[in-house]
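Each structure below is given as structure tokens.
Presented sequentially are two complexes of subunit A, the first with subunit B as partner and the second with subunit C.
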Partner chain A sequence: MTGWLARRLAQAGVTFALVTLFLFVLMRLTPGDPLQRLGSDRPIPALEEARLRALFGLDQPIATQFGRFLESAAQGDFGVSIEHYPARVGTLVASRLGPSLLLGGAVLAVNFTLGVWLGVLQARRRGSRLDRWLGRLALAGYAAPTFWLAIVLVSLFAIEWRLLPAAQMTDPLLSPDAGPVAVALDVLRHLILPTATLSIVTIAATMRYQRTAMLEVLRLDFVRAARARGLGEQRVIWRHAWRNALLPIVTLFGLWLPVLVSGSVFVEQIFNWPGLGSLAFGAVIARDYPVLMATTMLVSGAIITAGIATDLAIHLLDPRTKPA
Partner chain B sequence: MGTAGKIQRSRRRHLRWLRGPLALASVAVGFATAGQAQRKDTGTLTIVVGAEPNLPVRLLAANKADIDAASLMFAPLAWLNKKLMTADESAFEPALARGWSRRDSLTLVFELDPRARWHDGTPITSRDVVWTLNTARDLAAFPVFALLMREIASVTAQGPERVVVTFKRAYAEQFYDVVYHVAPLPAHLLDTIPAKRLDASAFAANPVGSGPYRMGTREPGRQVDFVARADFFLGPPKITRIVFLLARNAEAQLNLMLDGSADAFESAVLARQIAPVVGRPNLRIVTGPWLSVGYLLFNRKAYGDRQTAHPILADLGVRQAIVHALDRPTLIRSVFGPYAAVAEGPMGQATWIRRVAPKQPGFDPDRSRRLLRERGWLDRDGDGIVEKDGRPLSLRMMYPSSNIPRVALGEPIQEMLRRVGIKLELDRLEPRVWLQRRSRGEFDIDFSQVTLDPSPTGIVQSWTCAGIGGSNAASICDQSFDRALERAIAERDEPAPRWRDAIAALHANAPAAFVFAPTQTVVLSTRYRQVDIRAEAPWSHVWRWSVDPGQRLARDDR
Partner chain C sequence: MTGPPLLEVDGLRVEYPSKAGPTYPVDGVSFSIDRGEVVALVGESGCGKSLTSLALLRLVPNPGRVAPGSVVRLDGQDVGRLENEALRAIRGGRIGLVFQDPNTSLNPVLTIGYQVLEAVTAHRRLGKTEAKQRVLALLEEVGIPDPLARYRSYPHELSGGLKQRVMIAIALAGEPDLLIADEPTTALDVTIQAQILELLERLRATRRMAVLLITHDLGVVAGRAGRVLVMYAGRLVESGPTDRIFSDPAHPYTQALLRSIPRLTGPIDRLAPIAGVVPQSAAWPLGCRFHPRCPLAVPACSSETPPWRATAPGHEAQCWLVEGTR
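On to the complex of A and B.
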């Protein structure tokens, strides 16, 4: 197991290094100059452009730029943002990481509690009207375009009925004296619509995976044996059957885990959620290389880590899958 | 009834006379209290902005959000009046300078207001003004400003309240050049910092200004707060707190207005975008002339080659044919509704010369076809596109995919040109790619939109021989126009006729088809009174606004 883990970590390191190199080169080869500014009728004078190129190291050959980037990135310094100058990339990413984790965490929590529970419910009532309707509703949510659903929810709950805020993470005029409970409640109100949007379009996958896995387990002998021993239905389902139907869900969870840091560009844009997704999107538009490198490295790191963590969890849950 | 009862009744009768006055007094007190509450007209203003102010100092500003934030925190020497008459120094409003006078055609004298203070309480003196103007003219540190203020010869202090500015030559916008481009900065905090490092200084992130607001809390990526100064020398602002709420997405921006989270939002909009706001009882649309203009810029040089003449667009007749082919009023009506006007030259609706400039030649498709025919462009194969020497009249027009008005106008323009026999292919480009191609001259027609300074002298950079290699992306160089423009800029007594001649010379050369001049459009809560929105800096006069006491909200006390 230790050897396996060491090999996986080495592979992950190589993958990460290749992704970093690939991203760095690709970004510089993409047309578009980060120093060109929109909305200005005066282009930057040559003298000013030269100063800015030197400031951001863009006057150097790509190999030199990459060397310098690696050197400072190894020390945890991703430099200064071009678009948000003079803000440091580390500060920008740190300020957006919390909101991304919060939104991603809320979506995962809804998906893997409600989704799992509904999937198990469907499996228990296989073929019933409830099963059919839950399946249809989940598929309808899955088929709905995220941006359309977001707009509909905002129109109804925020603009027409004024029940929830349309955008933002907090009330912009929340009193500085507001206590932690008031702040938490305020964030919660703002979290509902974006979480609902993302959960509605993604929960179908969890439900279907869970339903299928449960259906396969429920017809196995050990479940029948548990029932024959006189165990209560809840105990049979959750203690015996569900634990054995967990592997596909763990795999799915591993695939979803990077959403914690990657965010969702559409949802963050429409709900003005200050997460990493919208930061990365803005960086792509502005060709803000330092921010783009930091965010993409963070996401690729999260994907690689989630892959290893998922494999590890599966091996721990099912010792039969352990590598020789 | 016993004795006690009689005494009690007698006391009641005794006090009965007090009832009337007491009732009157209580009513009066009630009215007074209610009146006090009703009279309260202070409050907050939450403004939706599309970009974050990172360097809210005019000298360092990189985007509109920086300039808007700077206009709250820094007062200039004088404000432009609402007509934006840049060529007349009597049309400016006193700010840090309480007055000014002219010694001769090359010398201006400013008298500072002794009441003016920096946010840290230090008096604003002539030393601050001299330091700021001299720093801004440092070519190595601030080439953009050095170019804008290149006609200033010297700036000197005469005592703590008097500043003398001399110029290299006499021209109409001397005063504008001194007061508009930069606002004074606190020399006592900055004169030890090298000019090139100002942008990375602590001051740049959290400036000490001279304006009605100082920076409050700042949440990166979310919002920036500005707090009113009770000691502002022109009077304490009634809008006590301003929040810049960052929202990049157009949908989110509008939703923040519709759900009541925000109070104001400035945007150039299409009719269909603003439709959800129309009819909302708590919102209104404030419109006014603006400084933006959109036009089809004809490249005089070949695609990506600055040396060779453009094979089609170097011909004046073809350029004029394109201008005549466009039914601009119809284009504008269909896309902008009432929120734009037909552009009549390289100036926005608010640019003062628009009021005197001659109109661009109008829609005349027959003349357009005739011009093409005279130049040998004929449809010989009957495919609807004219040809010459076996080559079809085919052009490519580029524009950024992020700009909704230009995207919306692209296809109608394509269709209008097709009707006169011109094939137009559309290149919707990613914004940075569009800018890169523009700067390299890699286009036939560029569908540009620019927001201009209030002064018409900016035309020099984009439309004259002097601008080639800089802002003049289309390599336009017409000596007759350059001479006419030079005369207009130099004229001090009667500039209007000179400007009329200059714009007429520009139209004669048809360097572009000027299409739309958007209206400044601000979606604003109906809660505000004494609203004064300026074209060049919409929030610079918020300190004069107040809140309708009848429409105050709980958040107005925060």
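On to the complex of A and C.
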């Protein structure tokens, strides 16, 4: 097991290095340039542009730029943002990480608790009216465009019924000396609509995977054998059947895990959620190389880590798949 | 023995819905089992014998169900009316069930110890150490070497024979009065089969429980069961003491079954297979269900269900050709 893990980690290191190189080069080969936008407001003297180019190291060959980037990144320094000059990239990313983790965590929690429960319920009532309607509703949610659904929810819950805030993560009018409980409740109220939007469009996959996996397990002999030894229905369903229908869900969960740091561009834009998704989106538009490098490396690192974590979880959950 | 039998089955039918109306793969089976008695239920694949055993515990796979009007009584108690807790007390408690294939009947992701433990604790409140002691004792009783090491094993780490011993330990966990063994050796190697059958016989003797042995193999029955029930196409066609079934089978189907067993003694002859296959439950033949394959069929066989006729005390067959009285 430890040998397997060491091998996987070594492979992950190589992958991560290659991805970093690829991202760096690709970004600079993409048309556009961080300083181009400056010229759209006002004419910039050539001398000033040359000074700025030198300041951000953009006058160097790509190899030199990459070398410098690696050298400082290895020390945990991702440089200074061009768009948000003179903010440091590390500070920018750190300030956006919390909101992304919060939104992503809420979506994963809703998606996988509710999705698993509904999928199991569908499987237990296979072919019933409940099963069919849950399937249709989930599919409708899956088919809904994210931005459209977000706008519909905002216009209903925030504008029509005035139940929930339309945007932001906190109420700007909240008294600055509000207690921690009041602040937490305020954030929670702001969290509901973006979480609902993302959950509605993604829960169909969880439900379908869970329903199919559960149906496959429920017809196996050991489920009947568990009933035959006099176990209660809940124990038969969850401990015996679901425990065996868990692996596809763990895989799916692993694929979703990077959403914690990648955020969701659409939802963060519409709800003005101060997460990494909107930071990355802004960085793409502005060709803000340092911020783009930091956010994309964070996401690719999360994807690679989630892959290893998924395999590890599967090995731990299924005694038949002991890695060599 | 006097008093009511341990298990009484009367007119048991299993119903499956279909577009053309319900079908009855088990269609009116009646028998009883006394305490400590070993009864064999014999028949070809697809005759409904496994379904009969599942129906006794109301474990018929969806979308089937035990048809209304069927009666299953355990010690005079109507199992058909039980729900939830009371039903679970019977399942694995008063009646233990050993399945055909131990390779698929154990949960692959739970340890052996865990699965026996939950069977033990499902039927009695025990402390943690007490329950574990009980599990180890059960594993020991079914002849599993080094129970302590096996406690932590997963099913895939055990051989088929050991797995079947574990299934038997699970079936014994609730101290059953009746053990149903549904083709307990079919999925095992021939060398292991005899060991498992011997184990069942030993357990029956020491625990004084009744055993319903379900098999398609008449060779397994000889010398083990006191009484034999022969099942064909969802119905019983003959029942009687084992020695009489072997020496003087009354129903043509039983006779044909016996002719199809290979023998080690006597002249080496061709085996006599029974022509044709078991009919499907969607289209049971009218009259005697064996008549399309019966070499002795007379016109009455295809129109009317024959009555039960006794050839000797306790030996009955459902056939027009049997001379006897009822």
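Following the convention adopted for this analysis, the second predicted complex is superposed on the first by the 320 of 324 C-alpha atoms of A that agree within 3 Å, B and C clash if a C-alpha of one lies under 4 Å from a C-alpha of the other, contacts with A are read in each partner's own complex, and residues count from 1 in each chain.
Throughout what follows, a contact is a pair of C-beta atoms (placed from the backbone, for glycine too) under 8 Å apart; a residue touches a chain by one contact, two chains touch by 3 or more.
None of the values given here were measured: they were computed from a predicted structure.
Engineer: Is A:Ala106 contacted by the first partner subunit B, the second partner subunit C, both or neither?
Structural biologist: Touch status of A:Ala106: no partner.
Engineer: I'd like to know which partner A:Ile159 touches here: subunit B for first, subunit C for second, both or neither.
Structural biologist: first
Engineer: With both complexes overlaid on chain A, does A:Gln36 touch subunit B (first), subunit C (second), both or neither?
Structural biologist: Only subunit B is touched by A:Gln36; subunit C is not.
Engineer: Quick one: is A:Leu198 in contact with subunit B, with subunit C, with both, or with neither? Answer first, second, both or neither.
Structural biologist: Neither subunit B nor subunit C is touched by A:Leu198.
Engineer: Of the two partner chains, subunit B (first) and subunit C (second), which one does A:Ser175 touch, if any: first, second, both, or neither?
Structural biologist: A:Ser175 sits against subunit B, while subunit C stays out of touch.
Engineer: After the superposition on A, what does A:Ile270 contact: first (subunit B), second (subunit C), both or neither?
Structural biologist: In the superposition, A:Ile270 touches subunit B alone.
Engineer: According to the stated criteria, A:Ala213 is in contact with first (subunit B), second (subunit C), both, or neither; which is it?
Structural biologist: In the superposed model, A:Ala213 contacts neither subunit B nor subunit C.
Engineer: Quick one: name whichever of subunit B and subunit C touches more residues of subunit A.
Structural biologist: Subunit A has more residues touched by B than by the other partner.
Engineer: Quick one: which bits of subunit B touch subunit A in the complex? Just the residue numbers, please.
Structural biologist: Its residues touching subunit A are 44, 46, 52, 54-55, 62-64, 139-140, 143-144, 147, 196, 199-200, 204-205, 217, 219-223, 241, 243, 245-249, 251-252, 255-256, 258-262, 400, 402, 430-433, 435-436, 439, 450-452, 458, 461-462, 470-471, 555, 558.
Engineer: Residue numbers of subunit C touching subunit A in their complex, please.
Structural biologist: Of all residues in subunit C, those touching subunit A are 54, 57, 59, 61, 88-93, 97, 99, 101, 104-110, 118-119, 122-123, 154, 156, 167, 170-171, 173-174.
Engineer: Taking the touch rule as given, give the residues of subunit A at its contact with subunit C in the complex, in rising order.
Structural biologist: Going by the criterion above, the answer is residues 219-222, 224-232, 235, 239-240, 243-244, 317-320.
Engineer: Could you pull out which subunit A residues touch subunit B in their complex?
Structural biologist: Of all residues in subunit A, those touching subunit B are 31-34, 36-45, 47-48, 51, 84-87, 91-92, 95-96, 151, 154, 158-159, 162, 165-176, 269-272, 274, 278-279, 282, 285-287.
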